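Paired with chain B in one complex and with chain C in the other, chain A is shared by the two complexes that follow.
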Partner chain A sequence: MSSKCFARGKFFITKKRVGKNLFAYLMLAPDIIGLVLIFFIPMGIALYVSLNEWNGISPMNFIGLKNYATLMSDSLWWHSVGITIVYTLIFVSMVYCLSLLIAVFLNSITGKIQGFLRTVYFVPFTISTIVLSIIWLFMLDPRRGLVNKFLHIFGIPAQSFLGNPKQALFCIAFMTAWTLIGYYSIIFLAVLKDIPVIYYEAAKLDGANTFQLFKSITFPMLKEVNVFVLIVTTIASFQVFDQVKVMTSGGPAGATNVAVFYIYTNAFDYLKLGYSSALAFMLFIIMFGFSIVLLKITKGGERE
Partner chain B sequence: MKGNFKNKNGQILYCVKILGGIILGCFFLIPIYMLLVSSIKPTGEVFDLRFIPKTISLSGYSLILKQNFLRYFLNSLFISTTVTIVALAFHSMAGYALARLNFVGRNVVFILILSTLMIPFSVILVPLFILVKKFGWLNTFKGIIIPAIPHAYGIFLFRQFFLTIPKELEEAATIDGCSPFGIFIRIFLPLSKPIIITLAVAFFIANWNNYMWPMIVNQSQDKWVLQVALANYIGRTGTPWDAIMAGGVITIIPIVILFFILQRYIVEGIKMSGIK
Partner chain C sequence: MKKILMWSLVLLISISMIGAFSITGCKEEKAAATEEEVAPAEEESAEEAEETKQIAEKTEITFWYFHSGAEGEYMAALADKYNEINPNVEVRAVSIPQADYMGVKLTTAFAAEVGPDVFFMSPGDFLKYVNSGLALDLSPYFTDEIKADFLQSALDAVTVNDKIYGVPFEIELLGLYYNKDMLAAANVQPPKTWDELIEATKTLTKGEVSGLLIEPNKGYYQNFTWYPFLWQGGGDVIDAATKEGIFEGPAVENALKLWGDLVKAGAPAKITIPGTWDIGLLGQGNVAMQICGTWAIAVIEDPENGWSETNIGLVPLPIPEGGEAATDAGGWKFMVNAHSRNVDAAAKFVMWAFAENIDLPLEWCTVTKFAYSPRQSVIESGKDIYSKGLRKVFTDEIYDTAIGEPRYPSEIVSAVGDALQEVMFANADPKVAAKKANDIINEFMKSFSGSM
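Moving on, here comes the complex of A and B:
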């Protein structure tokens, strides 16, 4: 459509045509200026700063690709990338499986109760990460928290959770998943509701059991939404920061020092602005790679 | 006889299912209930973990209000409201241009807008800080508000919505001598109430809950937002838990109210983000 108009415009540049273009640009101007200022220019600056040694105060010192060479052999950085990947695997699988299970469960009940339970599961999503961190710091308190009281009923000894390097990352992933399960089950439920009932009835006549129904009808119908949920949760978990800052500050013993937290400390605590920009670009590349691999594995959600 | 038995079994199964659903619901609600109930316990009794407090005390609230929390509340309210209103105005204009106007370079502009969704915030964190510092916006509300406004997601959803409005309306208005801007204001905006409410709720909640950027931009205490103040409050040693909990309750009140009034729109918004 627009190319056709363009061709016509080339030959008959009328006053009206110019006016129409101008009006469109005026309507777009505030947002375009904003996006350029907030995204495109900073992207350019980030690239330039990453080629410099700079503490934000003294003049920049151009060092070419040296920051990138440094990060390649920065074991702390790769440690934090590793932690981020472990976090992503725990978090994404937890959110994906549980929200799909809950959506299937919600889809099997009807009427007002479905809507009510959906709302209940969704409540944690609306609460800010900071308040959620408070709630779970309280719940997971090693000596007096409710979770340890609960475990005690089953004879499980008190755990130190966020104070234990082996448990802290899992606790943060669990808490974050807890807040998002309701959100993603709404997305899954919306798609499940669109699957025609006839499919299930036909398969039941052929003697299919519940598992077979899920495997051969439900799951294939979810392909697009699967890709959406996996990609969005993966990208989000690569950027986890708020809850780490509030709950553990990267500790204990660096066990939750995720990539964005490492970038943040380099930029705002050590004032290595050039280096942290290089790290951020590296994270971007890793994230991008992960998304591409995910798209390849899931074949972009196309149905065969 | 056999059919009746099966039916009864099915009913029992259904009840068990709903019971399971409610127990699962407790798993989501108990932690939040603990926040509410702990905020009205006296400092010494917070960790008795009773579901019904033995004694009710508002000392947490009075302590937190003495820490200037009302000020932070108003700061958060001002910032979130401003961002929401300005963003809705800008995004609806841009969405209208992309959906309904033919202009040179429309597809290129649209793709460039969408491409910003790919950029992670951590990459632009440092340069954005440098820019904001250059403009002299550190420790100002401007420094939080302006970077929060441009967002491809809002533009995209407005565009998708405007695409569904029938062309005949536009044509009729043009014949009646309505200008393109008049069509936008008098025809498109009134028709887009559902999307406006949905996005308004989404923007408000996102900005109210935002922590990282306000923390980095506003170091001076009187410009803090609630999330930053609360996070700072946790970090200090010796802070009584009932006061922290009271701060948490104050922080979530506006969102909980919004949630219960506009729940339908929130759910619609989520479905839109997932499917379209």
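Moving on, here comes the complex of A and C:
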């Protein structure tokens, strides 16, 4: 097989293999270099900053793991993590269920109308989050907003939405989910189209109804894409910030003070760049943990 | 042939990556300098090339401002005027949107050591920049003659440990603006007490119109507009002598409860504009009353605002039973970056603009906007303007009740803000909210070693 090795261990890169795939490695190189320069190196710098006390202006003061010890007892931080977890549960379930539902319905429609509807659902994904946040800010205005005018038709009293601590987080989750449903429904649709029709025909011959067809054929065939959608949306939900900054600034009464917003406040309001770096790493660990748990629950999408 | 094509593609991608890094990896000062520079770079003729060479030899100072409209034009013109009379100095004025200015923009610029030489600072964030060592000590530039011209309270607001860290140039007071026609139509008198304010808000809230606009968003501006109600009952946040938190007691609880009651009465819990310092909602007839400041008068009198038909009145802020009238005296300060490469030139520009000149501060306070000057000489020069229109209400009925805006560290601003938010929107008991905030304040003060 190989006569010479460049590296031993799990990643058995041989001279022969490199030579064979040289072009592929070279094409991947710019992206790797970019990732190292733009992501990994700044991440390393941030890790170092998290071991210091620094306001961004005076020289750094090395304090070791003190920032990490402080955050363990920072009740405001854990409260913001709690809010983020609630947001994640609302957001992920909304995106997953609605995008799957839309994909299933789209798959049952044939002809040009399917393409048209796919485009309509996809349009919000093409608009910047900041712009959408501003649009929804106007739509959710308690007195003059479009949503309250719509609810008024059904006799529902005007709601505060972003001014109500019990509604604000849900509004942001809903708005964000609305922008992504089109994107994920296309991903589901691509997989649904690959499910052989004969499976459904055979099941129907055995007397299966619509729900049984979904439960026994459609859903099991979506295991791998389920894992992808759940993990990607979970990671995205932990990183929510733009919408909160534009629409609520963490309020009202801290109801939308998600983790990244708390990190932002510590960095740019309190000028605690060392502490906020430590918070960011803690958030990374929490997100990583969540992703591992999800992988275990879904068994990595492996089909039994 | 295939190999040549493949290698050409690899080379092209690599060159593109390098090119992209070169463009996007440029320094912040270049990025800042491209944002609405006052000195545009045009095609150069031989004459302009000579001028450019001269400019390149001048001392350069960057000056960041957030003002817009007439105020923005004033700031840009300030740089032009200084450049005309100082051929060896080039002041570059850069406009930054207000929402970005005090947030990420200044902080990241200073952290990357590409911050401006001269910038504006609000009392709410003043200590942040003094305690971090970023603000230049301007004491050497304040001669006895200059100091004597300033109101003592204005100088005290920018003095820390006997050093002066900023140049005050405006005193902005708060009052209650109202729509005369709306109040007359509802047979409501401009409120003088807290109870009347709550009742008027309830009565005037109809359909799409809110009875009263107060700041719902947490932040230093919400605190700034709320402090007068705290002071009216004799309350405060920190004891000036002991530096301990005193954010408990009836005065604090009543002031918190008032804003909670006003939200229940109809004050909006959410607004679509960045902040209620904008008098536009009152002008457009979306609200019947609004707490706002002296700066609103120039906007109200501007015939181009599109709502000149709105009949606006002004009264002092309502007071509680047994309380004393009080309003907040805010106003931004001019600061110099202590890490600037041209601190002396920057300090001289700042002192020229607002500490030595009379015409420029007078124009700012009486023409560009309306504000009181912290300097006796400027007040004396512009005394006629202070009794014109709505200014007369500020001068005769509000000015003497002004208390300077406090300059607390961000953590204290946040604790007070959280208490307000909880009472306004989460139906928290004001006593519980006040105690929680006071505990946080006292905990913070134990470990706080900066100046206040």
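The rule is simple: the second predicted complex is superposed on the first by the 270 of 304 C-alpha atoms of A that agree within 3 Å, B and C clash if a C-alpha of one lies under 4 Å from a C-alpha of the other, contacts with A are read in each partner's own complex, and residues count from 1 in each chain.
To be clear about the criterion, a residue touches a chain if its C-beta (ideal position, glycine included) is under 8 Å from a C-beta of that chain, and two chains touch if they have at least 3 such contacts.
Everything numeric here is computed off the predicted structure, so don't read it as measured data.
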| item | value |
| --- | --- |
| Superposed partners chain B and chain C on chain A - clash or fit | clash |
| First (chain B), second (chain C), both or neither touched by A:Thr126 | first |
| Which superposed partner A:Leu137 touches (first chain B, second chain C, both, neither) | both |
| More chain A residues in contact [chain B versus chain C] | B |
| Which of chain B and chain C A:Asp269 touches, first, second, both or neither | second |
| Touching partner for A:Met27 - first (chain B), second (chain C), both, neither | both |
| Part of chain B, among the options 181-189, 199-207 or 253-261, whose backbone runs into chain C after overlay | 181-189 |
| Overlap of chain C and chain B interfaces on chain A (superposed complexes) | 23, 27, 30, 34, 37, 56, 137-138, 141, 144, 267-268, 273 |
| Partner chain A, residues of chain B touching it in the complex | 14, 17-18, 20-22, 24-25, 28-32, 34-35, 38, 47, 49, 89-91, 93-94, 96-98, 101-107, 109, 112-113, 116, 118-131, 146-147, 149-150, 152, 155, 180-181, 184, 205, 208-209, 211-212, 216, 227, 230-231, 234-235, 241, 244-245, 247-248, 251-252, 255-256, 258-259, 263, 266-267, 270-271, 273-275 |
| Footprint of chain B on chain A - complex, ascending | 1-2, 5-6, 9, 20-21, 23-25, 27-28, 30-32, 34-35, 37-46, 49, 56, 102, 105-106, 108-109, 113, 117-124, 126-131, 133-139, 141, 144, 146, 149, 178, 182-183, 186-187, 190-191, 225, 228-229, 235, 238-239, 241-242, 245-246, 259-260, 263-264, 267-268, 273, 276-277, 280-281, 283-284, 287-288 |
| Interfacial residue positions of chain C with respect to chain A in the complex | 6, 10, 13-14, 17, 21, 103-104, 107-108, 110-111, 128, 132-134, 207-210, 216-219, 268-270, 272, 286, 339, 410-411, 414, 418, 421-422, 424-426, 428 |
| Interface residues, chain A side, partner chain C - complex | 23, 26-27, 30, 33-34, 37, 55-58, 137-138, 140-144, 160-165, 249-255, 265, 267-271, 273 |
